[in-house]
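As written, the chains take the letters A, B, C and D, and residue 1 is the first residue of each chain.
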Amino acid sequence: MIRAGILGVTGYAGIELLRLLLNHPKVEVTTLVSGSTAGEKISNIYPHLKGICDIVLEELNVEAIAKKCDVVFTSLPHGASDMVIGNLYNAGLKVIDLSGDYRYDDVKVYEQWYKTTHKNPELLKQSVYGLCELYRDQIKSARLIGNPGCYTTTSILGAVPLLKGGYVSTENIIVDAKSGVTGAGRGIHLDYHFSECTENMKAYKIATHRHTSEIEQEYSKLAGKEVLISFTPHLVPMKRGIYSTIYMNLTGDYTDEELLEVYRKFYEGCPFIRIYDAGKIPESNHVAGSNYVDIGLTVDKRLKRVVVVSALDNLCKGAAGQAVQNLNLLFGLPETTGLLNPGFYL
Amino acid sequence: MIRAGILGVTGYAGIELLRLLLNHPKVEVTTLVSGSTAGEKISNIYPHLKGICDIVLEELNVEAIAKKCDVVFTSLPHGASDMVIGNLYNAGLKVIDLSGDYRYDDVKVYEQWYKTTHKNPELLKQSVYGLCELYRDQIKSARLIGNPGCYTTTSILGAVPLLKGGYVSTENIIVDAKSGVTGAGRGIHLDYHFSECTENMKAYKIATHRHTSEIEQEYSKLAGKEVLISFTPHLVPMKRGIYSTIYMNLTGDYTDEELLEVYRKFYEGCPFIRIYDAGKIPESNHVAGSNYVDIGLTVDKRLKRVVVVSALDNLCKGAAGQAVQNLNLLFGLPETTGLLNPGFYL
Amino acid sequence: MIRAGILGVTGYAGIELLRLLLNHPKVEVTTLVSGSTAGEKISNIYPHLKGICDIVLEELNVEAIAKKCDVVFTSLPHGASDMVIGNLYNAGLKVIDLSGDYRYDDVKVYEQWYKTTHKNPELLKQSVYGLCELYRDQIKSARLIGNPGCYTTTSILGAVPLLKGGYVSTENIIVDAKSGVTGAGRGIHLDYHFSECTENMKAYKIATHRHTSEIEQEYSKLAGKEVLISFTPHLVPMKRGIYSTIYMNLTGDYTDEELLEVYRKFYEGCPFIRIYDAGKIPESNHVAGSNYVDIGLTVDKRLKRVVVVSALDNLCKGAAGQAVQNLNLLFGLPETTGLLNPGFYL
Amino acid sequence: MIRAGILGVTGYAGIELLRLLLNHPKVEVTTLVSGSTAGEKISNIYPHLKGICDIVLEELNVEAIAKKCDVVFTSLPHGASDMVIGNLYNAGLKVIDLSGDYRYDDVKVYEQWYKTTHKNPELLKQSVYGLCELYRDQIKSARLIGNPGCYTTTSILGAVPLLKGGYVSTENIIVDAKSGVTGAGRGIHLDYHFSECTENMKAYKIATHRHTSEIEQEYSKLAGKEVLISFTPHLVPMKRGIYSTIYMNLTGDYTDEELLEVYRKFYEGCPFIRIYDAGKIPESNHVAGSNYVDIGLTVDKRLKRVVVVSALDNLCKGAAGQAVQNLNLLFGLPETTGLLNPGFYL
């Protein structure tokens, strides 16, 4: 059994990770760390776990973790885990970091968008961007994974087959994305108060959201030239889901079916990518609770433009599920191990 | 007192119209028509009206209506009201039609997007497009109003100041719109079943939604040249609200403040348009239950693009409220009469 | 015009009060007080009010208020307004207090359930319990009103006709009540975080909720003997609404119709009480946004028991609407002035 | 592997059953029957299953089923499965019926509450009531299971320890129950339309709901005398969950802790029953998506009454999960096989 620990388990990504790992046939969760609630049972904080997982939360202690774990998931705010991760890494552990700290090829891009100084740029060079569908082989031999963000995963996977194949222009790409409220995390704030949030929606951080840079990094790499995009996140009144509507101008007269075939080929061997038939459009509850990314598209012939819809669950494929998928690759397991549940739907 | 009737009052737009007219100081509702439930009290069908409005629903009878009404609102599916409206019009009544039938300058555009033959193209020529902020003067002297749709009102008002002023290119305009579920009406369908709809969102009718043609008609008129757009409607799990995120490429280096000033000038004297300060973004519950349209914007300097957000209540300014605003103009009342309530928010 | 002020306007009851007063034809709002946000426009905090009400919030200053107001609504936590109210009262103002401080006949009951010492027991004796349907005449000549709570209003009005008439036993009365989340106020707390609250429900404060004592006070008074009840509040995932299901054992073999007639007679002349026909059951959205209380009942012959359902809007008839109804009585206006809007429903 | 079939799989209980069986290590789903959509893939109707389960739906054919299945779940409206079940049973299959048809000891009670004639009273005598916590041993040796309803499971399990032990009176028992909307099934109706259902709640079928008789049957059996109860179902705006608040008069002066100990002892060896510590109250999202029943209680000393709260997921422990638990017992597997996932919470 692979022995796993979670740092920051009481956050929403952390608790989703625990849900998935408890169902994973090859993983044993040995260590749950939470600075603020150390000493309590996790099931006191999340009572749905009573009788299923009653592990006592611990203070952070790298030495202790190194003895009890083969892999550690760090689910902490960006910056917070910088030093910790170095220590865990140096202690010989495999580390999957869910923050933005280890996702960038160029530390300057990180520093510019996160408006901070990276504390461990050397280690950043050792990390692999954990988007399994693009970097499967590199992940297999890595020890430190920068697990991609939720908006980024849906936006990248929804567009790169066309960018890489040159089917679309690199100009005038618009990503209009919508997120469920768990994406804002468990921190309390009036904006996420039920009475303010239900029956309400809004755009936020227009043209300034950090995930923009992560998307652009991958779009550029796959397109083979610099790509800049408009990315607009919106908050919608539901718990789970990222839904990206992506607008790209076509470089030729392609049909729905031709473009769908590009996606099918690109994602051959990718068990979590589901390409919809022409005329079908994904919905967010098709992926809620599961690790799938559902992609559909419509060509607008009048405008020579394609509209791609890409949906995933922000807590699962957008965070914890992707992290488990990375774990599977890191440890040579089939990529789908522990991740083939059908999701919630209802 | 102006004597008013509503055809199709049991639909969601119809019942919102009734809500507004009951609070209108210059209107008396004399006639409620509903084919399917004639003979019943409206308060049996909508029990929240018990004791407030217990009018008995009538069968359609143009002669009877002509005697009891000065103005009639027709809130029926498109096509359904074609002949009725002709008869009401010929009987000397003022008519405000909430369907798509009387919104078009060119009957061919209507017929192409609605895939039907217009039954009264002559009458169409008499009608005025009831978007008060653009056609206030024409409305005042009209007798037949084609009341604009919900998606169209938010999309048109959100963009035309920049189109008219030449601040943006007419190419590459994207309107990504989100609607609450009341926009789908009261007809029952599995798609709008609570258990399917809550905690779920989806795009639909990509590149084919009828409102596209209505938006393009007005964009083109204001820009002075043909404008074609990508318009993508989405359904989000809340009752009320249309939220349009509009992407347009700038023709020059404008700041947020410069563009906001263009909006403020364009909408001078328009009591229901609220332009947000730079850095502020509208939310859908700022307009829920009221007749306001809230508009904010952000310039993305990196891309020389502006992202405009335009929000309104689909049942109110997007249907019934706008219809009442039209009534006010038709009868020479102040435009805001009966429409200055603060909305719901909570 | 009656000049009114609101203390604590930024809370949910306060902002609902403002919504109602802005629509009131005989009231002018002159003063909005908020300690924490004095100096800001109310429309900065609640942007739906932009252009409708842009009054600047003030610090508390009793002298200034006394000059600008004829009546003041105090919407503050219990205890907080004790001294303030004394000063306002002594300055000659009429005061309608929305907290629990001035609702009790017996200061000891208050002190026992609120676990505090009442700071102004003399003034408490001057106050009248503002449940208009029961104390209309006393209210008319009062200067200080203790405005009843939301749970209490629905529970009291739903049961007292049968208690007073002796149709039910005073033993074994159960009030099982459900509240929307605005009832918890605008204070942020993890329990009211959208992601914790949506798709979730729970009971709380079983057998210990303060409103129990307020209900018992009125039940006892109307029954003419001490009545003790089980009262269980629940939180359900919606914004507005109190829904009380009340179980009482019958003292005789009564039919639905006989008991409904008791209610109709008891509430004769009460414009906001709607008694449902036999076989009809209120729903919470029948009263959302309005000042109505909807009451229905079913006799269970097998058990010689009646189940009464009583619904209202916690922010409106359960707080702000009732306060406006009290204002109308205090100033000799028709009880329904400014309160006859049809509510939200959608 | 146990070969299983589901009749009526496209309903909500049916699709939840499929979700659970797909995760069950000892079950292979071989047959999905749906009269109305035979010939289609289940994943066309429920797209979240695409790639996970693409079984083609079949017409009902008892012979074919008998060859491909060891056990069949019938998830059809009551009455609909009467004859089918007889045929499946006679073909030698084990049958777990999710309707009300095979839950009663006395056919007359069924016929009275369901207002119909039972078509197979002889077979009813062979059936066992599938409430595992009460009838574990009988279930193990049965071939036909009447799987209990959702309201009934929560209400029965929440009260029988006290009834059996004589801790409470059999008079004046009140069960006030609240259900999520999936409990109303997938059939479309205006009442369950999103726009009517969200932000709304209501009681329904007061004193006449069929589950009353099923609860009374078990209460009476455990108490050793006839028990009649008030049972009031409510609909609340969330997808999953049954939440029963049960009021019972105590026969002595018991503390919270004493009564909780009665529950702990009664449910010893019942892996899905979680008894809360004194002072803790279950919430519906503690059990959403899992097979657990969470029970808490508060003694009201003033009234010598206990208020018990019992929560479960209507689709899981209230239908499909319980059915799988029955399957485990029928086939000699550990009761928890395939059912130990942590639920959804978020």
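Everything below uses one rule, namely that a contact is a pair of C-beta atoms (placed from the backbone, for glycine too) under 8 Å apart; a residue touches a chain by one contact, two chains touch by 3 or more.
Just so we're clear, the structure is a prediction, and the values are computed from it rather than from any experiment.
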Identified repeat of the B-C interface (over half of residue pairs identical), from C-D, B-D or A-D: A-D
Contact-richer chain pair (by C-beta pairs counted) among A-B and A-C: A-B
Separation of mean Cα positions, chain C and chain A [Å, integer]: 46
Geometric centre distance via CA averages, chain D-chain A, whole Å: 36
CA centroid of chain A to CA centroid of chain B, Å: 39
Sites on chain C at which at least two other chains make contact: 12, 182, 195, 198-199, 237-240, 282-283, 285, 288, 346
Sites on chain D touched by chain B in the complex: 12, 181-182, 184, 186, 188-190, 192-195, 197-199, 237-239
Touching residues on chain B, where the partner in the complex is chain A: 172, 174, 176, 178, 180, 195-196, 198-204, 206-207, 228-230, 232, 234, 236-241, 243, 245, 247, 249, 281-285, 288, 298-300, 302-303, 305, 307, 309, 346
Of chain C, residues touching chain B in the complex: 12, 15-16, 18-19, 22-23, 46-53, 182, 198-199, 239-240, 271, 274, 280, 282-283, 285-290, 292, 294, 315, 340-346
